[in-house]
């Protein structure tokens, strides 16, 4: 990585020669564009990126980025990324996945990669539907969803992605929205900066099968009332006039209005490193009585898996010396004929 | 189930004719015995039990119970139980699984069965090791564990089972210990009573490969200091002299000593239905500065998957009438030759 | 409406392919034309083909969607090899489909879409409608967009809406050319857009405009008619393969007196089965969309253990995932049905394309000696009987059954003779009643089926699992000789089914030069090719295997009656390996692995090569 | 110590089986005896066998653990069919093993364990040591527990500790009987219990007590000696199959200049591979215990994409789970090695027992046409070369390779001629250097290997995946003809390897009456049987296939040189199906599916049957 300081890359360096094949109007375009903007500015040579995906509309992503890419099989991207990161810890590894890919068939790898804390980044395109297979409800669809596989409404309670990730031991949990492009860019930087597994859940509009799922969060008219934009060290306030806040009452969050004098002091200060706060914020995901938190919900620094593993390799090398085949073969009783 | 009221069953009705094949000293024996004591007292005819397991020492369990049993394949018991419960919601379905079975290979089915909230019960025998395959570290082994597969110490952060279960949307989370037999019996009743997916994590001693893993919790000398026995509506106190308690400070729990006057009032009251409390308690799992909560950590009532599904069946039957093949075949344009 | 201005010309069969951008509505157009054709009493077969992307970039080659239909006064079994008419709504569609058009065939193009941009996107240097590149064909190039605009002039519609109706114009035109009535389509439009009257009006106007335009086209001299085909008497409907599968399952459940439990995880081209079955809740069909394919089959195993008729459906990659669990079903001898709607592999391959390369996976895709029953469907309508047969075998023999279909059958359609439900046979089960001293391993002599003792029934308490079991008691056993006996038993349970299935009875010549042995969706192509070669006095027979494991008892001796055995497959020789290995017969393969159905011509050529030799 | 009081008698070969309760330490006893035997310069082969439970109930039939060794002055390839000596530490062990003892063979029993309770648990009505049930054998029944107590009288040890040392007594006694020195065992004991001197003392005393007891036994007339075997000159060690596999992998990595990345999920009998490799961190071996078998192989694919030599190991059920992912490796043409240490199936089957029934799974256990290379190991020591060969093929041909071993090889051992590491060949890789205009699909002519462009190397940025790819560019393609070309290419990449492997060269007769064709762990049994029948002047050859896909080029013509082809397998005829299907040869099988290795006698009998005919 000696070239780091001298590389100057730009968005077009990350545009591949493949035709982008998403539906017109798909939220995936916006996310692609943000990634292509952020990658050149990370100070990493282009050949040190590896983008891994599973299967789904979203998982076509690697084809469109001009770097190393692996479009693997359904649900397995985290496992593939794990091997890549262990093999070469210098790579900047990014997983792109959908809500079905990561939480339905891929749920197990998803929770395991989070608990192991590899230094890699997961972009979870949550459109609350199976796009590529034409519209079945997904593990993040609201209960009661009418879809081609649930004509009478689904009877599955959805996963709450940040809460699941926290439960699995995730060390960086953030949420963004396809249409909040600047905000999303910021999250991508933060995710990259975090040395550990970063999960960025991105609400993404599926124009064909679940259009408007996040309309209340993106509609200009009302989004100030529905988005809780988190900033570390700042009070959790929201509303068109920044006139509402969240307060901790006992062990529950409550929405308070800031009209009364002093009440800004009662508003909870966002502390990214407070896990219980992270849990409290995650709990708001589906609650219509609360705003939806976006930004970094939780962040925790602890050694990564690959660091510890490579330390063991280095120590072994130091204490035992470089492995020697002849010694190895003769490490038990031998006899000569 | 018309026979319910008249059945009288006893422990021996649930002892099968198969030789029990666990190592002498294994914690599994004690758990088996408690289950055989509880089952006859649930008011359920013996033929209405179904016990499903995966693979592992613990998963041999169904062979030893004289009722319907399915020793399936590694990690898949929750999926099998799902089908059984949907097919026949009247059955009392119990899953027996190990920490490897449920959280390593079976992690995905584990989180999905929890989120879907079937009315069934999961007994998770957590011995923090792979018993049947002879001692590899498991997803609940502490980091640094020396095992045959990690001679230099593992570099995996463990899962925290109750937290993972909460993250997945679990509606009943409890913890017991193989050697706390009466307490465990109580939990089994509670699990049964809960109409939804009940998870009972049971700390279980593997005498051969991880002996003493829970010694600090079972040792008569110190267990009063290390166990936090939860009771709903009661303050969270512990200690040989019941002289310590947990207090909520901001969004964190703290251990306080009850020597000072009045401080019992500051102790948090256990409210099983408070999810944030459940999360706070789960967070203590691996923290040596806190006692280990045992008992019911969290409980939430909401409709079960199978109830909602069978309601749909009933409604369809009512609104559309019993399905008729001839009508079905002729539901599109037909012509006669 | 009648065609007044042109004379009529009767032909035996017609092949039309509607092609356009994914957004152009070609699937709808094709299926409407199909319905109108079914009403006319022709035999027909259809074949939809579409990209793996939901909606690839407009105008790109990758975004082309197509729907092919053959209709005929003869009995046919394929959507046809070469096209009489190619409707190419844009240049990309023309580019990717032209090669299949007959010389002098008709091209119908919407000029409006042959823009510079679209031409560039699809790699045309010049506009083929304008230079003489298409001189070998009869080209009807119209600005359909303008023609539709004219028809709806007074309605104040957006251009987008107008372009979206051009497919109806094309449908109208083709309907006129082949003398189909518009009624059924008009009714359909009224239904579909019931809530948007302006769309009803616009689409009907576009449809009629196309129809009426027919009269004005010089290139077309005659309205072409196709006489009714002769069908066995009865009531018919058109049916798509996946739907026929579902009907077969539902019928089997009723005939066995069981509830259906179905679980699947969405995957092309099997997803429809979940969609369809989830709509029939009043048949007490319990459907469960599982978290993955493993959960799907495992939950089916659980449901079957509890007495439901359990079914799962998937396609190749999902089938690979189910291998371990299917082994558990083998070891526990539970009756379940696994539907594999094959698609082109390996790995993700070409998800929307057809292939039949999962036969050996079905047989051997598990650890250990783990025999299952394997059967395959021949045609969309035949999916009904195949599904029924699968359930029958599973339940009567207490054994897992794998059904192989493929993308071509799944989405293809043909007329189906609706069966008399009363005349269909009942299906036996081995459900045990209350009992003392129940032994789940007590076996029926004829089938070796074990007893099905389901939870909730008093006295049947017992344990099953994947460890080897004592042949007498069903308890776990590691005894070496017992293991061998159990292995033989499991194999025998499959073999014994051969007593229970019809022997093969070759179509055509009962002995002679060439026997064509096929399985699965190549039925139609092979049958037509055999017919054609027999008309030319070649001595040719055709055996199409529904049962692939076990084979019918007389298959070996039948093979010996011919000088050459030809095995056409959409794989690189899977049935071929089995036939050669089992019967030591020097059969040869005709292998096509292009993600496309076999063509009649290909099979015919190969037959002639062998018959001539 | 020397045996003074008895005369010596020299024999060619001896077979001993140590059996007892899982807690009796029979595996340790066996492996200590093995080491002492290796030092004596005999050829040897061992076979441990133990229950699936960690520790089944003490005294039960299910809890019996055993370790068998054959040692000889000849070259041998199996642990022997019939036993000369059966050490049976308890009645359960006697019950389950007696049938394998030769008439007049020696039984050594620890009387102390033949209690009423144990007799009942193992189903003996009477104590066999006391009635004359064992009259056809030579019985040495001792109260070892008392004898050991006596020896450690002054030490104040618990009875538990004393009983635990009886295995050393038995070992001492057998060592005396067969003239093995105790030194290596004494050293081992000192090492093992370094921290507990009282255990060192007790075990050594027990060992010596047994040894010295030999002199006093009347039943034994002679000390039996076995002369050294003739070995190719060189330095030898004893090696267990799984360890040899690991050494082969490590050697290959060094010869290719790559790091090893290994990932597995524990499963009997493959777990040791993970255990062993995880100990060699100073060889830069990265091991990853994955959450399941799918994660294991997927992570290997990731590591291989990044330039490591990637390996995963599992057994049958895990192999079934890996099917879909292995298909991805095929589609992406990445060099990885999958080790399947087979065990008895189907499903969970008999996890600690051996079988070779996963050959067809290896070949066909995936969706679509998805060819991989398959090779198999013949013997514990041969696992070394097999692993090396697997890595060589994978890397030089850019292709996934499946290696088949089994429980018998995995845990069995034999002497291994330690290779000269310098003389082992280097392995080529297709790693690409920095480049402009890199094309991952540029192929080497000879192997058709594509270029391996790994992340971190400038200019090699490219994308791979499981969708079908354009044969020129590697971009996604749904073109029908391209798909067929790619399918042929993938098959050709396998076929081409046949040019790169040795032709078969039958052992024994190069043509004649019978050719025995085997694969895998049956090597030793077949070779001995062939030798025996050739000594009796039967014309018999033996071909043992390391390469199962592709087959060696001259296999077909070789088969034609014999009147009969015999294919012994521990399955129901998997290689048999392939040979018949491919070469149309009427080969016949000898199929044993009992979770046990093939015996020499069984193969011999069948050869004679065919050779005599």
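For this structure, a couple of remarks:
Each chain gets a letter, A, B, C and D, in the order it is written, and its residues are counted from 1.
Note that a residue touches a chain if its C-beta (ideal position, glycine included) is under 8 Å from a C-beta of that chain, and two chains touch if they have at least 3 such contacts.
All values derive from a computational prediction rather than experimental measurement.
Set side by side, the interfaces A-D and B-D show unequal numbers of C-beta pairs in contact, with more at A-D.
Ranked by distance of CA centroids from subunit B, the top chain is C.
Taking each chain's centre as the mean of its C-alpha atoms, subunit A lies 44 Å from subunit D. In whole angstrom, the spacing between the mean C-alpha positions of subunit B and subunit D is 40. Our note on geometry: subunit A versus subunit B, Cα centroid distance of 29 Å, whole angstroms. In subunit B, the positions touching at least two other chains are 55, 73, 105, 107-108, 112, 139, 152, 156, 309, 312, 315-316. Contacts with at least two other chains are made by residues 52, 62, 281, 291-292, 317, 324, 327-328, 332, 347-348, 465-467 of subunit C. Residues 35, 38-39, 41, 184, 231-239, 247, 250-251, 254, 259, 261, 263, 280-284, 286, 288, 290-292, 294-296, 298-308, 310, 324-325, 327-328, 332, 418-419, 421, 454-467, 475-476 of subunit C touch subunit B in their complex. In the complex of the two chains, the subunit D residues touching subunit C come out as 51-52, 62, 315-317, 319-321, 323-324, 327-328, 330-332, 342, 344-351, 353, 355, 357-358, 360-361, 363-370, 465-468, 478, 480-481, 483-484, 487, 490-491, 571-572, 576-578, 580-582, 584-586, 592-596. Residues 16, 18, 45-50, 52, 55, 62-63, 66-73, 76, 79-88, 90-91, 108-109, 112, 309, 312-313, 315-317, 319-323, 325-326, 328-330, 332-337 of subunit B are the ones touching subunit C in the complex. Only residues 19-24, 55, 57, 60, 73-75, 104-105, 107, 130-134, 136-137, 139, 148-152, 154, 156, 208 of subunit B touch subunit D when the two sit together in their complex. Interface of subunit C with subunit A (complex): residues 52-58, 60, 62-63, 265-268, 271, 274-275, 278-279, 281, 287, 289, 291-293, 317, 347-348.
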